[in-house]
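Both complexes shown next keep chain A, but they swap its partner, so chain B is in the first and chain C is in the second.
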Partner chain A sequence: MAKNSLGREIPETFNGKRYMPYKDPHAIVPETFHFQRASRMLKRNYSGASKVVGGLREAIIASGLKDGMTISTHHHLRNGDRLLNDLVKEIDALGIRDIRIAASSVHIVHAELIPYIKKGVITALECGVNGPIGEQISKGEIKCPIVVRSHGGRARSVISGEVPIDVAFLAAPFCDEYGNFNGFYGPSACGSLGYALVDAQYARKVVAVTDNLVAFPALPIGVPQNIVDIVATVDSLGDPKKIVSSTTKLTKDPMGLQIAQYAAMVIDSSGYLKNGFSFQTGTGGISLAVAGHVRDMMRERKIKGSFGCGGITGFFVDMLEEGLFEGLFDVQCFDLKAVESIGRNRKHQEMSAGLYANPFNMGAVVNRLDCAILSATEIDVNFNVNVNTESSGLLLHNTGGHCDVANGAKVSIIVCPSIRGRLPMVRDEVTTITTPGETVGVLVTERGIAVNDHLPELKAELIRRRAPVKDIRQLHDEIYAVTGAPKAVEFTDEVVGLIEYLDGTIIDTVRTVRA
Partner chain B sequence: MADSQLRRTLLFVPGNMPSMLQNVPLFKCDSVIIDLEDAVNHAEKDAARNLVRRFLENWKDRNKEVLVRINPLYTKWGRDDLKAILPERPDAIRFPMCETPELALELDAELAAYERANGLEVGHFGILPSIETVKSVLNAYAIATSTKRIFGLAFGAEDYTASMGVARTNSGEDLIHPRMMIVMAAKAAGIQAIDSVFSDVNDMEALKKETELVKRIGYTGKCLVNPRQIDVIHEAFAPKREEIDYALEVVEAIKQARQMGTGVISLKGKMVDAPIVKRAVNTLRVAFAQGLVATPIDEEILNG
Partner chain C sequence: MEIIKKGVAGTMQSSDLMVFVEPADTLRLEIESTVIKQFGHLIRAKADEVLAKNGVTAGFIRLTDRGALDYAIEARIETALQRASAA
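The block that comes next holds the complex of A and B.
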């Protein structure tokens, strides 16, 4: 065990691999550590014949998948995804064991995988998870070492070969027999295939799995035929209606609206809300309410923004069509309106996770972001943010782009109610550190705004505008005066998961909760 | 009691909902009216009273005016409400069903008795009577002038339309007459006129229109039931840029006049004297509250 710079105990090895403890957001320079781009064998295909081998089982066999290998899928169908569940069932039926899952994310729908973890079909998760799998891992009910990565960090780990993917099974909603595909059309259209684009480039074998085989060529091409080995057909990839993960309506909760109004005030005071403005926000009632304020201010002042970024919602699509942005960078579509837009509007640009947020290249899109709205399950008095575990100590959420965007954006704004249930959300220490405080700009709660020390001008401007600016410790004390101090969750010494920072160092661990 | 307290928004908060009470310090309204009357059903009157008392006891840094709407004194709860609430020093009592000056005087006497017994200045607690029946509309001026504690008249449209036997509409023709009567009575008595709740919390456009209407006829504030309505009402009451600019010019002009030893001066060919200055100060006070001017107005200017 070694302590990282944030004081968290980090094991030197985990599940047989060595890891470095987190130091600071800029500590790891790939040149110094001789990180290189992963390579895969070149291949030659003399034939112009169809690559369709049959269903999933035939594809698994054709891919040469064996015990101990790593597979990946993408999560663009989010909670509507069927492929990962069906795939693992087939892998089990073929008697293959000891598989590592390196999906771009795992959702609640994938709770079906739990029996296969117990059975030894799946023995490691090289990706973060949402929902029951994480919960059971943190309760010690199932054993499956897990390394949680951000979207940018996952792209990095795949591109550098730190997580070598043996076979990528990529859901392909609009696909031809020679392997060209996109996500724009068809019964399982999910829009952007941003996460899959990385896997298609770097996996040793690429299988396009489709429920919608179309006549050659499937245009426009998202993933091209020259990097696709196999095509498989299935009845259904899933249900795109379940892509929408959280609410798509503006919040009506007065406290949520208060938070949104303060967040809009922060953006307005940042000095970036002018021509060329770039912005990212997520789903959820508060984020959308902030976006509503931003839209109104842009309209009123006739501001032409540069780009909107991230997971894209219909709200951003409307802003694009109204002419408020030059374009959208879309790593994943968050609703069906976004799916519909990306298939017809060239200014709605599909973006790979590498382009979005991989820190080890000549510049990710997050580097060009002015303001970003991010959430938190908890935040501490040093601005460290937790999005992975909840105050119960259970691992329930994947990182998404959280630490990538916080690090990239000029002003990263955490919006968070000060109290959830009866628990204070501004803590002395967060249960788990996902995003280091030094990359967080501002915390906005309904009780006031705390500005981190590296943004003194923004702080001064907010005070000038009579915004309720408070020291984060003062905010903490005010909240504790209402809630009291909750009893700390107790953990065992057993490390069951790692929280990887975007550069591959370990920022925190997940331990089992003491029953 | 003509005072200069800004009361654009008076938010009703049910006295039996802890989650709402907890957020009272955070709402951006000018005043809060914690309700023990209509929002609380009969079985919960005791519990609500205790909850509100404990809330007020623990709310140390009061950042807005606090009124409590008690039950009418002719009910079995009214006096117990006062007994529980007055030790926690609300700023004023919202007094429902105040149909006659005698009823106002009855509350006045209760408050005075408490003030004397507890070493408070007589007149410490204010009264905001609800004018919410036809009878009370007809008695509005007599009520307004019955005691110096009364700093405003608050129109209650729901009960009023019920007492008239008509339906309430979003367009508001049914309310033209009482609204005019109440604002005239209030202005004649030198106190504030505060408009009724607008109950369709999803129709912000109609709320805006109604607020603009009552502003034009002399109302300076409005009651509300949903915190989402606060911003809309504040914006409607906010002075326009040219009004602010003119008010600043007036203040500048009167400062110069005072230096010259006079209370009257000409600005762009129009006479500026005390009533104009008073209006300018009011404009700037609201403008500051709305964040439209950077510094608060020095109200000493009125006393020059």
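The block that comes next holds the complex of A and C.
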């Protein structure tokens, strides 16, 4: 065990692999470590014949998948995804064991995988998870080592070969028999295939799985035929109506609206809200309310923004079509309006996870962001943010692009109610560090705004505008005076998961909760 | 204050609680909470305080808490007690 720079105990090895402890956001320079791009064998296909081999079972056999290998899927259908569950069932039926899952994310719907973890079909997760799998891992009820990565960090780990994907099974909503596909059209259209684009480039075998085989050529091409090995057909990839989570609605809660109004003041005071403005929000109710204020200010002042980024919602599509942004960079569509737009709007650009946020290249899109709205499950007095574990200690959420965006954006703004169900959200220490405080600009709660030390001009401007600026420790004390001090959750010494920072260093661990 | 019938107050909303009161020979307090690990001790202390202040010596008091703050706990218990003691 070694302590990282944030004081968290980090094991030197985990599940047989060595890891470096986190130091600072810019500590790892790939050139000095001689990091390479992963290579894969060149292949030659003399035939112009169809690559359709049959269903999932035939595709698994044709791919050569064996015990101990790593597979990936993408999560663009989010909680409507059927492929990962069906795939693991077939892998089990074929008697294959000891499979690592390196999906771009895992959702609540994938609780169906739990019996296969117990059975030894799945023995490691090279990806973060949302919901019951993480909950059971952190309670010690199932054993399955898990490494949680951000979107940019996952892209990095695949591109560098740290996580070699043997077979990528990629849901392909609009696909032809020779393997060209996109996500724009068809009964399971999910829009951008941003996460899958990385896997298609770097996996040793690429299987396009479709429920919508169309006549050659499937245009426009998202993933091209020359990197697709196999095509498989299934009845259904899932239900795109479940892409939208309950959180993607504008808040009506007065506290949320107050937070959104303060966050809009922060953006207005940042000096970036002018022609060329670039912006990212999440899908949370407060984030969307902030986007509403930003839209209104841009309209009033006739500001033409540069780009909107991230998971894209219908709200951003409206802003694009109104001419408020030059374009949208879309790594994943968060609702069906975004799905419909990306197949139609040339300025609604599909973006790979590597282009979005991989730190080890000549510049990710997050580097060009002015302001970004991010959420938090907890934040501490040093601005470190937790989005992975709840205050109960259970691992319930994946990182998404949180630490990537905080690191890239000029002003990253955390919006968070000060109290959730009696739990104070500004803590002495967060349960788990997802995003280091030095990459966080501002915390906005309904009780006031705390500005990190590296943005003194923004702080001065907010004070000049009579915004309720407070020291983060003062906010902390005010909140504790209302809630009382919570007892700390007790953990065992058993490390069941790692929280990887975007550069591959380990920022924190997940330990099992003491019952 | 004497508990002579059933009394209920509160909601199941987040940051609120439901209080169920009914007559019993002894005083019994049962607490269920989403934050029992972190705040169980403070919820019990507040409930004990409100029961003592109202001179409740017998009754079955049940709290189903969704992370309510102390003032909400006090108000909900007081209301449930009044409803359970009024003729």
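FYI, the second predicted complex is superposed on the first by the 512 of 515 C-alpha atoms of A that agree within 3 Å, B and C clash if a C-alpha of one lies under 4 Å from a C-alpha of the other, contacts with A are read in each partner's own complex, and residues count from 1 in each chain.
In the analysis below, contacts are C-beta pairs under 8 Å (C-beta built on N, C-alpha and C of every residue); 3 or more make two chains touch, one makes a residue touch a chain.
These numbers were taken from a predicted model, which means no experiment stands behind them.
In the superposed model, A:S391 lies in contact with chain C only, and not with chain B. Touch criterion met: A:R466 reaches chain B, while chain C stays clear of it. When the shared chain is aligned, chain B comes close enough to touch A:L257, but chain C does not.
Using the contact criterion defined above for the overlaid structures, shared-chain residue A:R78 touches neither chain B nor chain C, since it reaches no partner. In the superposed model, A:R420 lies in contact with chain C only, and not with chain B. In the superposition on chain A, A:R511 makes contact with neither chain B nor chain C. In the superposed model, A:V482 lies in contact with both chain B and chain C. Common to the chain B and chain C contact sets on chain A are residues 482. By the touch criterion stated above, chain C contacts chain A in their complex at residues 14-15, 34-35, 37-42, 66-70. Only residues 22-23, 26-28, 226-228, 231, 291, 294 of chain B touch chain A when the two sit together in their complex. Across the interface of their complex, chain B is touched by residues 252, 254-255, 257-258, 261, 446-447, 464-466, 482 of chain A. Of all residues in chain A, only 391-392, 419-423, 482-484, 486-487, 489 touch chain C in the complex they form.
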